[in-house]
Amino acid sequence: MRRRIASFCALAVLLMAAPSFAQSTGPDATKVALDTIWVLVTAFLVFWMNAGFACLEAGLCRAKNAVNILAKNFIVFAVSSIAFWVIGFGLMFGDGTPFIGLNGWMLGGADNSPATGEAYSGIFSALNWTGVPLYAKFFFQLVFAGTAATIVSGAVAERIKFISFIAFSFILVAVIYPIGGHWAWGGGWLAQMGFLDFAGSTVVHSIGGWAALAGVLVLGPRLGKFKADGTVNPIPGHNMGLATLGTLILWLGWFGFNPGSTMAADPAAIASIALNTNMAAAAGCLAATAVAWMALGKPDLSMILNGTLAGLVAITAPCAFVNVASSVLIGLIAGVLVVYAVLFFDRVKVDDPVGAISVHLVNGVFGTLAVGLFATDGGLFFGGGTSKLLVQLYGVLGVGATVFALSAIAWFLLKVTLGIRVSAEEEMEGLDLGEHGIEAYSGLAPQVASAEVV
Amino acid sequence: MRRRIASFCALAVLLMAAPSFAQSTGPDATKVALDTIWVLVTAFLVFWMNAGFACLEAGLCRAKNAVNILAKNFIVFAVSSIAFWVIGFGLMFGDGTPFIGLNGWMLGGADNSPATGEAYSGIFSALNWTGVPLYAKFFFQLVFAGTAATIVSGAVAERIKFISFIAFSFILVAVIYPIGGHWAWGGGWLAQMGFLDFAGSTVVHSIGGWAALAGVLVLGPRLGKFKADGTVNPIPGHNMGLATLGTLILWLGWFGFNPGSTMAADPAAIASIALNTNMAAAAGCLAATAVAWMALGKPDLSMILNGTLAGLVAITAPCAFVNVASSVLIGLIAGVLVVYAVLFFDRVKVDDPVGAISVHLVNGVFGTLAVGLFATDGGLFFGGGTSKLLVQLYGVLGVGATVFALSAIAWFLLKVTLGIRVSAEEEMEGLDLGEHGIEAYSGLAPQVASAEVV
Amino acid sequence: MRRRIASFCALAVLLMAAPSFAQSTGPDATKVALDTIWVLVTAFLVFWMNAGFACLEAGLCRAKNAVNILAKNFIVFAVSSIAFWVIGFGLMFGDGTPFIGLNGWMLGGADNSPATGEAYSGIFSALNWTGVPLYAKFFFQLVFAGTAATIVSGAVAERIKFISFIAFSFILVAVIYPIGGHWAWGGGWLAQMGFLDFAGSTVVHSIGGWAALAGVLVLGPRLGKFKADGTVNPIPGHNMGLATLGTLILWLGWFGFNPGSTMAADPAAIASIALNTNMAAAAGCLAATAVAWMALGKPDLSMILNGTLAGLVAITAPCAFVNVASSVLIGLIAGVLVVYAVLFFDRVKVDDPVGAISVHLVNGVFGTLAVGLFATDGGLFFGGGTSKLLVQLYGVLGVGATVFALSAIAWFLLKVTLGIRVSAEEEMEGLDLGEHGIEAYSGLAPQVASAEVV
């Protein structure tokens, strides 16, 4: 007689335990399994982008603030997980009004996923087009929400209070992100207008970028960044290995971000989207390298990295609607844009230590408009006139104005309650000792006195 | 006429070459392919945890021992691969007695996988519930065995001889781990009692933890850790970027560890397990942050990281048996436990440089018991009484006593033969020069004299 | 009435937009989806190897050149993406002559993928054996082409001009790699002879290795590497954490490289190939560790890492044709070979800072021949005589001579036009400041004066 092992019993128990665990049967069971594998694997890749942002942002800041940035970029996904589970997902995808979802707190309420279309019955109608279990839908959307929050971290780095960053992240993922997200992806007014943002140039990247811009304006620049005589003091990053690794992690993660947004293992679509994503990244990298080389004299590594990310952000909205050549062109434009955006924000004294606003906001806007320009079906350059482009513009403006306003209010409320900026003494000494009581490189390298490296 | 390329011929050859390569046919071929993709992809993620442990443990130790820790955590998977192939897998999953497997050395012997259940015919009956090829079963189990071994590395760091660590790792993966594993997963007496450990809170994490604890007790603390006056000398890690990246790698790897343990692409199960895993990690992170902030005054980054890992270890056994809210609760408890466990082991002078025992042993035990408490089917808090909880307790005690005793014997035998501890001079100078003859950061940072950083 | 969200419309649009997006239907649609998931996920893993090479090579060089190496290894994949899209893929896989492809620039031309075999109709006949969309075929082949180029980077490190490396990478991926690739994988004369190189020991690794060797010979050694008195000055790597992480990334990536080269989710094949790959890596690691320990006195970490990579390179060609025990044996031999190869190249004054030639060229050749020795069907040691071995030898020699010659010409042309070597002053100061104007560890560690660390 054969022995049956505990895990087998476990699995049997598990399959019988709850209605939500009933195994899919019938002709579509294989498709549900295929789609679920795809959604989960790509969600893991998007989760992995947390490591990318952590490495990139820590590498581009100073050693004395590295622990703080790492801690922020690490804890932000934990905060996002709770915030999106309790409130955010319901606001974004729960049935409600064109402006907000009103159902589904803590994933409660009726839902017969993976049933789709007319067969779907439940409170998350806006996600009835994808045939995977509800928990897979939630997990995939959660890693996107976390990405929006982690974008903010880099822009406000090296001077924000740890507790206030945690609080803002909770507000962003629980409320602000879901509102914009509901409009575009949750069946809201933008979705009803035909606004197209396949994987989130607007929903994820520009929302993160607008929230970051509001934070930077309320916080002010780092001490020593802009000198009294009006010149800019460049503050180089302290670990370019970490920054480069982080960018490669992000490039990899984008192969989850964009092709995964099909939320189905559709072979032709996922292959095409993966290729478009890669070609835009490559073109963005080369364009930014060339422009930086010509404009600044040398091919700065941080520009090479940010050019790649610019291409990736820009292709995020159009990746499913454009051809390969257009993807290359979109990437090239993005790579040029990001270099001049970095120079522009320096000139207007907006201090963004890692270039997050230039990458995510500027190219999130550009990528969203690029759908209206390059879409093979209805894009301006493909004979479609300006109607699609105008809808995209409405989305950019509507989401932008709202997210910027809500974020500014949130930052302001935090400023007058918890306070959002560390003391000048702590900023000079470094946030690692002030906020966390440890150094990033204890015993490895003698920290240069903070006054010298400002 | 079309050209046929070599690789095509190659594939054809390959399909005809050996019986084990016969392509699956019939109605279930698609399911076998789906399940095999899932098992392999998740196994790759678990393999990736080797990088996580390497980065985490190197980051939390001193620069002068970094090469040694990296070398240990790298070679341990090579050692595990050979040990598990030659002996371990047969002891763990080969048909035999309730106490030990007695078949399947070097994967030899009859096996008609991917046939399952009654259709299975072969010597690995304990794995007849999963319909994937034998080599996929082996590879998936191998990466788990490697994880148990790598847990030990951190606890014994900064004073163990390289050769003795290699020898202990071989013994652990060849003999000790497979014995405990056979009991719980290989059809042994615990499995027959109904012991539930879905992905290995006990089998992987507490076995690794007990082996580590035995090693730490036989080795003794690092020089300078506990002062003559009874106070504890904190020895901070030297690279928090590496430690944070390592923890994010582990978090990602756990999406292979837990959802992959279905060993089947069951959509509802894998989505639910992935979500439970993530929510426990997030809750563990936030709980440890809060407790460390209140108890220690500042949110220490190493506590933030270890809290996350504690949540992950604790959810490993129950991830398939509990609901999302229980997962959050389990994570919260784990995050609290780990902070106080670290403080406790410091107080009783058990020197674990990276907190591995607090994370893997303490929360491996807690997670195993949590099945008896929170299982929706039969858990104490869900009206199931104490019977399930008692079986879990028997498993914890039986595996714990056995593994601790066997490990202590192995460590003792190594101590009186090869010796297990480097000389005091080498420990002061650092194991990198003593054991490997190179430095981790040659020419980058002048090493601070070892006397100063002790 | 249910709301339909924008992304759903988007998907619909996408499915109707272009013929290449027509959803697969009929009895094989599930297989196409399965195969495409497998090809894309494994391609992502191979893409990830770019991060592995970047970390490994940066870690094994000096801090003063780290930015330059990171920048090279980052931009090389962007360059490869454009070069392979515009020219390389057509030369390699387009229909043409036994010596070169003559179709398919920028992926243009007829192709009815995922149709296979006789049902295939298009200009990429050499890839008609895999049933995935054309864009998936291209993307998978692109990440392989990028790997060949990134191998070169490490060998020529610490003295090559950034612009010349970019130019050579373009030439390699656009022309040289596709020629050798066409012969073996594109239906060329080697394929017609029955040459077997399953995942590219020759096509990827030895081509990269030959190109690197030519570059090293034209460039000459780094200043200070070989002293006037004939002795070798060891130049240790500056960051062994980065190097170890890089090697673990590569090990993980190889689970895409080899099992993905089935380009189909064939359960038995992919499980077996994954296991063979892992066992060769483990054996290579242990063999190199033992040999280095005996020959050099201590287990040098860089030898441990390179031994693993040697095993991986060697199993790349035979992974689909050999059994597990042979894989272990192949890995053991590779691990021995790499240690003595490193010592040999030092003795003959070929300066390869990271050991790339010893790993990729020497073991690429060995792995290719190993097919003729160990193949269960037709290998010399399995009673197949020498005919298979001879064909493998022809491949090694034919590809080697051609690639070495073409690469030498390319390097020479670059030398007399752009120049390929930085000035002695820049080499002493470090290429980071000279080529990029930034330091890798700004403000973290005071750079030791370059004269001291030579």
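When the chains are written out, they are named A, B and C in that same order, and each has its own residue count from 1.
Heads up, the rule we're going with is that contacts are C-beta pairs under 8 Å (C-beta built on N, C-alpha and C of every residue); 3 or more make two chains touch, one makes a residue touch a chain.
A quick note: this is a predicted structure, and the numbers were derived from the prediction, not measured.
Trainee: Remove chain B in your head; which chains still hang together?
Mentor: one piece
Trainee: Looking at where chain B touches chain C, is over half of the residue numbers used by both copies, so same, or under half, so different?
Mentor: different
Trainee: Taking the mean of the C-alpha atoms as each chain's centre, how many Å separate chain B from chain C?
Mentor: That pair's centroid distance is 31 Å.
Trainee: Can you pull out the residues of chain C that are in contact with at least two other chains?
Mentor: Each of 30, 34, 37, 41, 239, 245, 441, 444-446 in chain C touches at least two other chains.
Trainee: With touch defined as at the start, can you tell me which chain A residues reach chain B in the complex?
Mentor: 2-11, 13-18, 20-24, 30, 32-37, 40-41, 43-44, 47-48, 50-51, 54-55, 58-59, 66-67, 70-71, 73-75, 77-79, 81-82, 85, 106-107, 114, 132-136, 138-139, 142, 162, 239, 242, 245, 435-446
Trainee: So in the complex, the part of chain B that touches chain A is made up of which residues?
Mentor: 30-31, 34, 37-38, 41, 45, 62-63, 95, 120, 125-129, 184-187, 190-192, 194-198, 236-241, 244-245, 247-249, 251-252, 255, 259, 261-262, 264-272, 274-275, 278-279, 281-283, 285-286, 289, 296-302, 304-305, 308, 320-321, 323-325, 328, 376-377, 441, 444-446, 448, 453
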